[in-house]
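Quick one: the structure is below, and I'll ask about it shortly.
Each chain gets a letter, A, B, C, D, E and F, in the order it is written, and its residues are counted from 1.
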Amino acid sequence: MLHKVIQKIDQHAHIDVVDAHCDIPCGIYDPHHALIGALTVVRMVDLINAKVKEHGAGSTAEFINSMARYIAIKEEHAELTKHEVRVIWGDFIKAPHVEAYPQLPGLVHKIMQLGSKARQTVSREAALDLLEAVNEFAEIFWQIKEIETKRVKAPYSVTEEMVVPVL
Amino acid sequence: MLHKVIQKIDQHAHIDVVDAHCDIPCGIYDPHHALIGALTVVRMVDLINAKVKEHGAGSTAEFINSMARYIAIKEEHAELTKHEVRVIWGDFIKAPHVEAYPQLPGLVHKIMQLGSKARQTVSREAALDLLEAVNEFAEIFWQIKEIETKRVKAPYSVTEEMVVPVL
Amino acid sequence: MLHKVIQKIDQHAHIDVVDAHCDIPCGIYDPHHALIGALTVVRMVDLINAKVKEHGAGSTAEFINSMARYIAIKEEHAELTKHEVRVIWGDFIKAPHVEAYPQLPGLVHKIMQLGSKARQTVSREAALDLLEAVNEFAEIFWQIKEIETKRVKAPYSVTEEMVVPVL
Amino acid sequence: MLHKVIQKIDQHAHIDVVDAHCDIPCGIYDPHHALIGALTVVRMVDLINAKVKEHGAGSTAEFINSMARYIAIKEEHAELTKHEVRVIWGDFIKAPHVEAYPQLPGLVHKIMQLGSKARQTVSREAALDLLEAVNEFAEIFWQIKEIETKRVKAPYSVTEEMVVPVL
Amino acid sequence: MLHKVIQKIDQHAHIDVVDAHCDIPCGIYDPHHALIGALTVVRMVDLINAKVKEHGAGSTAEFINSMARYIAIKEEHAELTKHEVRVIWGDFIKAPHVEAYPQLPGLVHKIMQLGSKARQTVSREAALDLLEAVNEFAEIFWQIKEIETKRVKAPYSVTEEMVVPVL
Amino acid sequence: MLHKVIQKIDQHAHIDVVDAHCDIPCGIYDPHHALIGALTVVRMVDLINAKVKEHGAGSTAEFINSMARYIAIKEEHAELTKHEVRVIWGDFIKAPHVEAYPQLPGLVHKIMQLGSKARQTVSREAALDLLEAVNEFAEIFWQIKEIETKRVKAPYSVTEEMVVPVL
């Protein structure tokens, strides 16, 4: 039913064939949504900082309305990123994958922490750190599925690099 | 089932540049999530029908548990597809796009109806109709953004064709 | 702002009896909830602007707390209005209705855009535009069901006109 | 800001003027949504029982799909009814109203219990009991607002009596 | 602020054994979550007021981001507290309990109002009033289950007293 | 199934004092809710299996209604357990804790997988495995906070052992 994970190169040679029994099991995993979440965090930080720069020190209703909305979307998408990564990690990643990619538990833990930091701050650096960590997670994910990836300019209003599978 | 999307270059040329003032406005739109929703509906229909075929006429707890879960995921993802298409249509698509792609309102309406049909039935044909309509919507979306698309085999446990941008 | 809904009897007469096959299909549709959403947006805009006028340029915790809450409720109810209209349009409105009321797709599209504008701004005019569009939608809805409507003063803390069926 | 609750008739003579400080405070309360919830419960029970009667003892995928969906909507709407009544009771009803309508706490408690019973069973009687209790609650609500009510045939696929304000 | 809960043994003795028919019925009730909600409200009020004191009258992006987040969590947890108490009251508390503890309906009503007040203000006193009311509710809950309670210092970043069962 | 958590004092002693910078940061963490989730899964499995045993091979509406509800609550609470553990792990657990309790990443991964298994099956063993893993997680959590724990009979309709802090 699911593509068998057959590891070729020596790095992966010891991974046994693992059936990816997921939560349903549905077998439809894709880090794309986690990446959209991280890119949206970057975008919101940019909008927040642009608004503050343009607005100065006042507090008109329009200003507060915009800020509240940017922050809420930032919260929601940082949380979405954490949730999506947790699901892939919990339901797709199995013990043999962890053996082959021993950095995985630490990377996932780091994404959770960076997701929280992105919520707590309006720092562009924190947002980019989150995006980079999710990009690395996406690369490992597609490697496990034996599908090549590349990094492209995101085709959105925020154009930071994102990992996509070569299909 | 749906009219083929035939885009003439001159028709396309009439579209003025439109700022994508979205809900935030965030400018991060992508029909990918709507497609994942439609593909998941296909997958759930397959799992439902396989389970019934394998199980026969009994009603063990395991059977009911699986069926309830497949149906809930099907519900959720058909709804997700409708929601995602509604957001892109409401926040990204502007009047000039509707002029250039006069089939859009009908296509969106059809996706809403097919999404509901996919919830009401366990028909693979209904699920594929939904997927095809969303693929056509995705093609128009990327055309508006002037990004080429191609149809690829979905890299999941369900491998129906899906539209992706050429990045 | 929106074209007046003028229904000619002969136009109406062409509609075949259409079974309201909805999502369940449940047949319990009512634009009342969408109207409550739009009225709540008006109310929140009023509360926001009153608070800013009364408060001046400071930023006490009480002020920020109230503003954050008004904005969140405004967001939620504008979204609710969009969602409710989308459901009625997707599940109740059929092709023959669109033929009889050709303004419907444009009206629904406009409600989506006005709902977003109501979120992006704290403009009373934008909120009233949304309410008026939903009132027009409600009138068409009840006409399709062949139930008369009237416009009444809303019996809430905001007393703008709302469309109700004559039962 | 909010209509002052001025009680005229002797039953209500002892109620002091009460400012209806609600959760926002928004002042937009309406038991309509709670009634829609209760009517939907009735409708789902009808659909469930019709399906079982028509279907007999088999368990086809279509049958299970429909049943799962009816039950989920029944759950959701019984819960909605409880939630809506709780909000009006917690944010609109004040101590003087409870003095004037001493049956209110018991009625609200009963609605919570009937809402749960409606979830636990597929009994039409239980669903109608819930509807009747919410109708009584609606009557008291509008009395407090000094707006007359009447009972009308619901204008939906389920046509049980519902309380509406005379506007 | 709330009347002290004085339980006489003989009063308690009159309660017949009541099966806890809950919504499922599941029989897994615990006011712990409602208490966590109330404690979180206290904590958010403290963070809000500390932030404002430290920050002064400016409105930097970091300040607005933190305030928006504290307020959102305060909203969510005050609502959670109301919801949890409503569920226990609606599904666990039966008529004989109300007879034995006649203060219950008033206490529950008060919790709803205090939960709303905690949302509307940033007052520490309002937050503590909510917590105290929920503590009293928790004491009655465990008394009904005939399990002793004690008040302990909460083992969190906020250390106000909370009621726990002696297990 | 899971390795016994054996904490040596000297190992513990190496942990530097770590400020619990959480998502807010709020500092109100408690594995209690995750445990309630796991206990509820056990309870639902018991109700499902009792219902099937009592019911036999029919498929009355009442039977399907109950089963659908038990399964939905099982889904929801297994997910809740996973979510709660993810939050504590992501926001409370820091690198020094992972050094002191090197079993933590594996234990958390296991909880995610057991949570999914509990959703996929109606096995009491799977439900108990989940509960035991969360109990072990709770023990480590309280150890990090330097608060003693004990295992008590849960004071609910399901009385399996649960870890509580000694306060």
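Just so it is clear, contacts are C-beta pairs under 8 Å (C-beta built on N, C-alpha and C of every residue); 3 or more make two chains touch, one makes a residue touch a chain.
Being a predicted model, the structure only gives us computed values, none of them experimental.
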Chains touching both chain D and chain E, listed by label
C, F
Express in whole angstrom the distance between the two chain centres, defined as the mean CA positions of chain C and chain F.
44
Between chain E and chain F, what is the gap in Å from one C-alpha centre to the other?
23
Chain A and chain C: spacing of chain centres that average the CA atoms, whole Å
36
Where does chain F touch two or more other chains at once, residue-wise?
24, 58-59, 64, 68-69, 72, 119-120
Report the topology of the inter-chain touch graph, choosing from line, ring, star, complete and other.
other
Touching chain combinations (by label order):
A-B, A-C, A-E, A-F, B-C, B-D, B-F, C-D, C-E, D-E, D-F, E-F
So, in the complex, the side of chain E touching chain F is made of residues 20, 24, 26-30, 32-33, 36, 39-40, 43-44, 47, 69-70, 73, 145, 147, 152-153, 155-158, 164-165, 167
Quick one: which bits of chain C touch chain B in the complex? Just the residue numbers, please.
21-25, 82, 86, 89-91, 93, 98, 105-106, 109, 112-113, 115-116, 119-120
Quick one: in the complex, what on chain A touches chain E?
48-49, 52, 57-59, 64, 67-68, 71-72, 74-75, 119-122
Contacts from chain F onto chain D in the complex sit at residues 58-62, 64-66, 68-69, 72
